[in-house]
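Before I ask anything, let me first share the structure, which is written out below as structure tokens.
Order as written gives the chain letters A, B, C, D and E; numbering starts at 1 within each chain.
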Amino acid sequence: MIPTILAVSLLIFVIFSVIPGSFTSSLIADGKGRNDPKVVEQMNKEFGLDKPVYQRFGSYVVNLVQLDLGQSFRTRQPVTHMLLERAWPTMKLAIAAMTIAILIGVPLGFVAALKPGSLLDAATMIAAVSGLSLPQFWLGLLAMYVFALTLGWLPSFGYGDGGIRNLILPAVTLSVAPLALLARTTRAAVLDVMSADFIRTARSKGMNAYRLVTWHLMRNALVLIITTVGLQFGSLMGQAVVIEKLFSWPGLGSLLVDSVSMRDIPVVQGAILMIVLWFLIINTVVDVLYAVIDPRISHG
Amino acid sequence: MSAPPLLEVRNLHIDMRSGQERLNVVENVSFSIGAGETFGLVGESGCGKSITALSLIGLLNRPLAVGQGEILFKGQNLLKMNGSELRRLRGNRISMIFQEPMTALNPLATVGRQIAEMFVLHQGSTWHEAERKAIAALAQVQVPAPDKRIKNYPHQMSGGMRQRVMIAIALACHPDLLIADEPTTALDVTVQAEILKLMQELCDQRGTSVLMISHDLGVIAKMCQRVGIMYAGHLVEERAVADLFRRPAHPYTHGLLASLPVLGQRKLNERKPLQEIEGIVPSIAAFPTGCRFEPRCTRASPICRDAVPGPSVLGDYSFVRCYHHG
Amino acid sequence: MYKRFVLQSTLAAVLLAGVAMSASAEEPRKGGTINFVAPYGSSFGTLDNQASPATQDEFVTKAIHRRLYAWDGNANKPVLDLATDVSASADRLTYTFKLRQDAFFHNDKKMTADDIIDSYKRIMTPGKAYTGARYIGAIKGASDYSDGKAKDIAGLKKIDDFTLEITFNEPVNPAFQLMQPSTVIYPSGEADKDSFKSHPIGLGPYKFAEYIPGSRLTVEKWDKFYGADKPHADKINIMIMGEASARDVAFRNKEVDVSVLGPAQYVAYKNDPELSKNILEVAEVYTRLVGFNVDFKPFQDKRVRQAINYAIDSDLIIKRLGKDKAYRAVSWLPLSSPAFDKAAKPYPYDPEKAKALLKEAGYPDGFEFELTATQNESWGLTIVEAIIPMLDKVGIKVKAKPVEAAVLSEVVPAGDFQSFMWSLESGPDPMTAMQCFYSKTSQSACNYYKFNNKDFDKLYEAALSAPTEEQKNDLLRQANNLLQDEAPGWFFNYNKAVMAYQPWLHGLQPNSAELAIQSYEQLWVDDGAPSGR
Amino acid sequence: MRLRFNLLFGGAICLIILTLGVFAPLFVHHDPILDANLMNAELPPNADFWFGTDSQGRDVFSRVLYGSRVSLTVGIVSQLINSCIGLLFGISAGYIGGRWDEFVSGLTNVMLSIPSLIFALAIMAILGPGLGSLLIALGLTNWSWTCRIARSSALSLKSQGYVQAAKTLGYSDIRIMITQILPNMIGPILVIGTLGMGDAILAEAALSYLGLGIRPPFPSWGSMLTDARELIAVAPWAAIFPGIAIFLTVLGLNLFGDGLRDYLDPHMRTRKA
Amino acid sequence: MASQTQPLLQIENLSVCFPVSAGLFRRSHQAVRAINNLSLSLHKNQCLSIVGESGCGKSTLALTILGLQHPTHGSISFDGKPITGAAQPGRMQRARMAQMVFQDPYASLNPRQTIHAALAGPLRLHGLRNKGEVEDRIATTLKMVGLKPEQAKRYPHEFSGGQRQRIGIARALILDPKVIVLDEPVSALDVSIRAQIINLLLDLKERLDLSYIMISHDLSVVEHMSDRVAVMYFGQIVEEGPWQSIFANPVHPYTRRLLAAIPDPFTIIRQEDITRKDMQPPPLSGFSYYPEEIGTHDVYQSPPPTEFLTVGDDHKVRFIAR
């Protein structure tokens, strides 16, 4: 975990030290006024941008070890503080989206797999593939038009008072891709397990379908499903960037996009690190879950 | 055998259906197993012996399906039974052991639970009771420290141990018929000997009939009273074991026995080549129309190509399907 | 510098009839909540307004803070806000302010001269680079303080608690400097507390209530605000909504009370019988243009530059693509500028003339150039896409070079371009605006075109020392017309800002500094507002 | 049934779109870039402009058709780059093992943990918008799946008899990787590649939306969608048709990939045989 | 037998250890001894069989002989020249010394290569550039293993298991090696095919003057094919000798157990039950059999010192000194 984080921080440091444009140039990007060279110089000095790259990386790593992600250029607040403000909305969004995806996707894939080749199976899978084939911002926009504007059921944007009403549209939009993927994975996993020898054994024991599914099929299929959930949880953070921007959702993703366009590099680095950390934690949790489910792993 | 047989298979046909196509994987197979008897089914891979076994307890998967025929178990036609009737029979009266002890057990459940399941399913035991019975069952298959072993997962056991667990599961409810599909093929020879001995002892004790499926004539000879030889979906010969090895009737059986290197047969300073069966086993899609062994047969004549030979009765429950047997 | 808008005289009648009259017809209702939008991004940069130059952050400034001066759009000039009176010395270097005695910070502290001095000192804090330093830097001794050479800013003198004397380095009008949003006044000693960045305290009509970064900032009525019986509404939610299509849905869904419209929505709203009733339009002091870099050889020839102006059908682009949400530019200075020449005519659309000019200049088969632009529907790639086929007809190939905003504002001052498209502030002060074409202004400052014309320099220098305002404007007018003929760029249009508002919202000022940035204390909602507000 | 339906239907969609893209000039009678007449802006679909016109007065039909060239190029080329990188790292890591394998696995984890869209965003920001940068950005960021698959196949293939045989026959390791291992993992890699193409096309749209797409005025579906999203009330056709084009293409690729997977999946095959 | 001439392949004191992957709780310096201090020699035109059950190290031995596994200790020499250690030859030279026929005919052929490609590749690699020569060599080799040269255009999946094994043999022969390692050459084949392959192998051995090292657990095949037999148990040879002596007079308990475990179909015909247990000879005086108890062995521990003693004509058994 620690080497990964170090590698990631080096990578993003390198990337964002060669990126064109700077925080000072972004200040006049709206065409308003002009930069006073003296102020620009002073700013570069204040933010340490006048130092060579390796020195900046050195002090970055030293600070990182002390869990200090530095200070935002824009707000002059500690990056950690800003990230923590934004982390909860994103987590809420990701968890909600994943919950929707699991609650709908897994049973859907399950039902499809129980009757492979049936009309239901075909319909489910075509729907799932369709869900994977839509540009997300486009889907979100359509959802906004339909559910907020035409039907007037839900607020179209924003965080509101942090309640569930504002969460629904972005979470549903974000959940479509993992839902589709989960439905497919579940179907494949269940089919895979169903063709396994031990299922034949179980049937030869005289087991009925219900017990077969609950005693033998579910747990084995779960191993495969959990992998997908773990990986999706991580990549959800990337997809959240688009959704958050569209729905004015105050999460890490929109902070990241903003900070990239403003070249607020400490925040960009911090946000990416946070996303990476989130991914690693989720996958550690998945590994633990594996061990709980699968004795072959826990017993080495 | 005077009493009515425990299991009687009559004119069993198994088809493989894909789209419009229908391939006869198993054709017109008939045999019977008496109570307490061990019947062997011998053949090479793809000859249909495992499929036949699976069809007996209704475990064929698409695209395979029984085309016609009757499977009478204690006089009842299994093919006419509905799902729940069949399920009550499965595992309880007829049980099965599979070839791969690695994959035939659920990797995520303890072996104890997988044995105990049988008692819960068929004897209405509580899990607690069932667990106690599972320990006893494990002890019967000579697994040391069964009370500890039931907490093990399959991956923690050796292949031989796993196969013992399979036997414990299969014999848990004292079935009338045990179907053993290549039970020892994946095992080392010394372990194979132990497992075969165990099976023989337990089945003898309980009077369980066994359908033994194997490609290994040695295993068949050791375990069975009577044997059926399958070749490319046909049951070509059915004999008592001793008769078969002494006087094989079908040219295929004959060739098979002649081609085996036999321990103790090699003479010093002289090496005879083994007798070969020329040619290759036909694939399912390309079965010959008449006798399916005809292309490889040394005795073949034009008549063999035209029609499948009917059974020539050689005695009680003994026949051969060959125009030129003897 | 800041934006101001000017009313087109013809439009004014129509618009004022709609907005201002309905406002005067009724007594403003007290209470209620206004859902305002901040449409220029998906977050606020910072709540520390002394550090931010961004228009987006002004939405907060306007509600929470006050400066020494404020911009009065009606009078089209800065007016005193935190002071009641100012007197200048004879040399126009020293100004004495009589401060308000009824201004209270949101922490109940009364404002005194110390707060202003401390605020200005904070802006100049040594080692820091707050944006406001650009303006406070003009005060005598400010840079010495910033460099750590002095303990105080020499030009700031407290006479008594409510009298402040400010001395500048050069004779300037302090109003333009001290009305900037980044010169807001904070209570002494509060600003550098950690809590201040997330919980700002100011003198404005509304006090900070809640901030959800990236989503919304809520302010509540400040009862001790010095404005007479203002503000009206109890609460204002400033919703951050950078995404135009989402804003559109939210507005139609009545979730927000105002929306700033882009060209596409402008047409849609104008054609909608209901929505069209509540639209506010103003001209802004921004000139959209394509600037040419004379380091690129073809652009050294004036005829080539003119040819491009002839070859583009600007009116058509404004009408069809811009949906009439802009005014045709004639040279650099905007419509509202006192130096704008109402008689001047823009380049006509004449591709034949363009071809002829190109042939004369030695490019009968045209040439190819690269146009650096950002993704923007009004002054970016969308427009570039429209001029590509037009210039193609006269043989000029345009290669669009898309960049991000932060990159555009880096490469253009660095001269790292062949041509660029941008929207640049060209007012309100014509003198400042024209400085960008003075040959002594560096490219990195704002002479991006490296414009160097002796006649222009003469006119500009003459204007600098012109004795009267009229003469100055006359000289600048001539300079502006010269610019048009010299064509250092293709002058495209001046922005028309358009805002749609809900029928229950009143008190919108068509004359505020920038249309979207309103004086919240004048806004009020009637009973028609959705329930729950 | 499903098996063949996916493969055929998906393949048919891809083929049609590929044909339309490659032979676009034969089907359109308006230039997608230069044939812009602002007088014709935002016309609804009609006999001349089958899909209507966009805000610039360009034929949406011809832009959608030409746009397929960009989208397919993005899909195919970026996926080729991904596959090459993934195969190079994956095969060598699986085959050689040891330290190199650990390094590659670490690298893959790093790549996997940074959401690829964010990575692509950063690369695009460095290189600036444009087709070339798009190809590089999407090509550099999505190889970890290919790498994982390639690594695990190489790991299982290297103990196969024919790989052992090749070693005893004197084949060098590189020759073995190229002639013995690579051809035998083409199936799953092809599946990943096909599915990845769809992802790349969607990523192009997302990057366009975030303001870092292809260089205008060249039409790409993502940029058309992004430009037209504000017109949805005025000229919905300008947004709907590129949206449908993206949807159909990605759907086609996904179905084809699924079908291919089913076709190549030994499970499915044995169940059939 | 011909022990006075120099052996073709000489294995001396060979050990192969695998490091145990460093788990959390296990010390990493431990190693599994797959092969433990093993010595064997193969003479020209002999078939040496190595008999043992899964996990005894016989496959590792095969890989080590072929150079696919490096020995931890000990050496192997071919024709008197060492082929392990510092002076070991490259893969190319090694390829002409020894080749291998694999157990699983399905996994041992590259499904993406035609038979022709699989056979032509090594020839070209070893410098045979002339197209005609390559074709000739492929044709003769295929004929030699009982296939038609025109079948070379096909892919492996078009062949049956027996035919694939013939192709595998052809591939092993294509470079004209001196030694061929046969890894369970018939155990994966159908019963009716086995005789064909066994006969083919024996025939080729005589015609091409080949030497075989055969790995097998099928004692009836071993008896039929071998000149010498070595019984392997947990990485060590416990008994070794000429075939007739091993089969007629097995000494080590493990060998006897193996023989007893073989289900022999013809015992029924012969109506005799050969219980070899009766003939179990006692261990040499002062020694006991190693291991004393069959079935228990700790692969992480190094075994106690043992001795490999001659009990009959060229017949050795491993004992442990009391």
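Following the convention adopted for this analysis, contacts are C-beta pairs under 8 Å (C-beta built on N, C-alpha and C of every residue); 3 or more make two chains touch, one makes a residue touch a chain.
This is a predicted model, so every value here is computed, not measured.
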Distance in touch steps, counted as few as possible, from subunit B out to subunit C: 2
Steps in the shortest chain-to-chain touch route ending at subunit C and beginning at subunit A: 1
Higher-contact pair (C-beta pairs counted), C-D versus A-D: A-D
Between subunit B and subunit A, distance of the C-alpha-averaged centres to the nearest whole Å: 53
Cα-centroid distance, subunit B relative to subunit E, in whole angstrom: 32
Centroid spacing, where centroids are CA-atom means, of subunit C and subunit E in whole angstrom: 87
Subunit A: positions in contact with at least two other chains: 20-21, 141, 145, 245, 257, 261
Per-residue multi-chain contacts in subunit B, two or more chains: none
Junction residues of subunit C - those touching two or more other chains: 245, 374, 403-404, 407
In the complex, subunit B residues that touch subunit A: 57, 59, 83-84, 87-92, 95-96, 98, 100, 103-109, 117-118, 121-122, 153, 155-156, 166, 169
Residue ranges of subunit D in contact with subunit A within the complex: 1-2, 5, 106-107, 109-110, 112-118, 121-123, 125-126, 128, 198, 202, 205-206, 209-211, 222, 225, 229, 232, 243, 246-248, 250-251, 254-255, 258, 267, 271
Residues of subunit D touching subunit C in the complex: 33-36, 38-39, 41, 55-57, 125, 128-130, 211-213, 215-217, 227, 229-234
Complex contacts: residues of subunit D adjacent to subunit E: 160-162, 164-172, 175, 179-180, 183-184, 186
For the subunit C and subunit D complex, residues of the former touching the latter: 244-245, 248, 262, 264-265, 267-268, 313, 316-317, 319-321, 374-375, 377, 381-382, 384-386, 388-389, 392, 399-404, 407
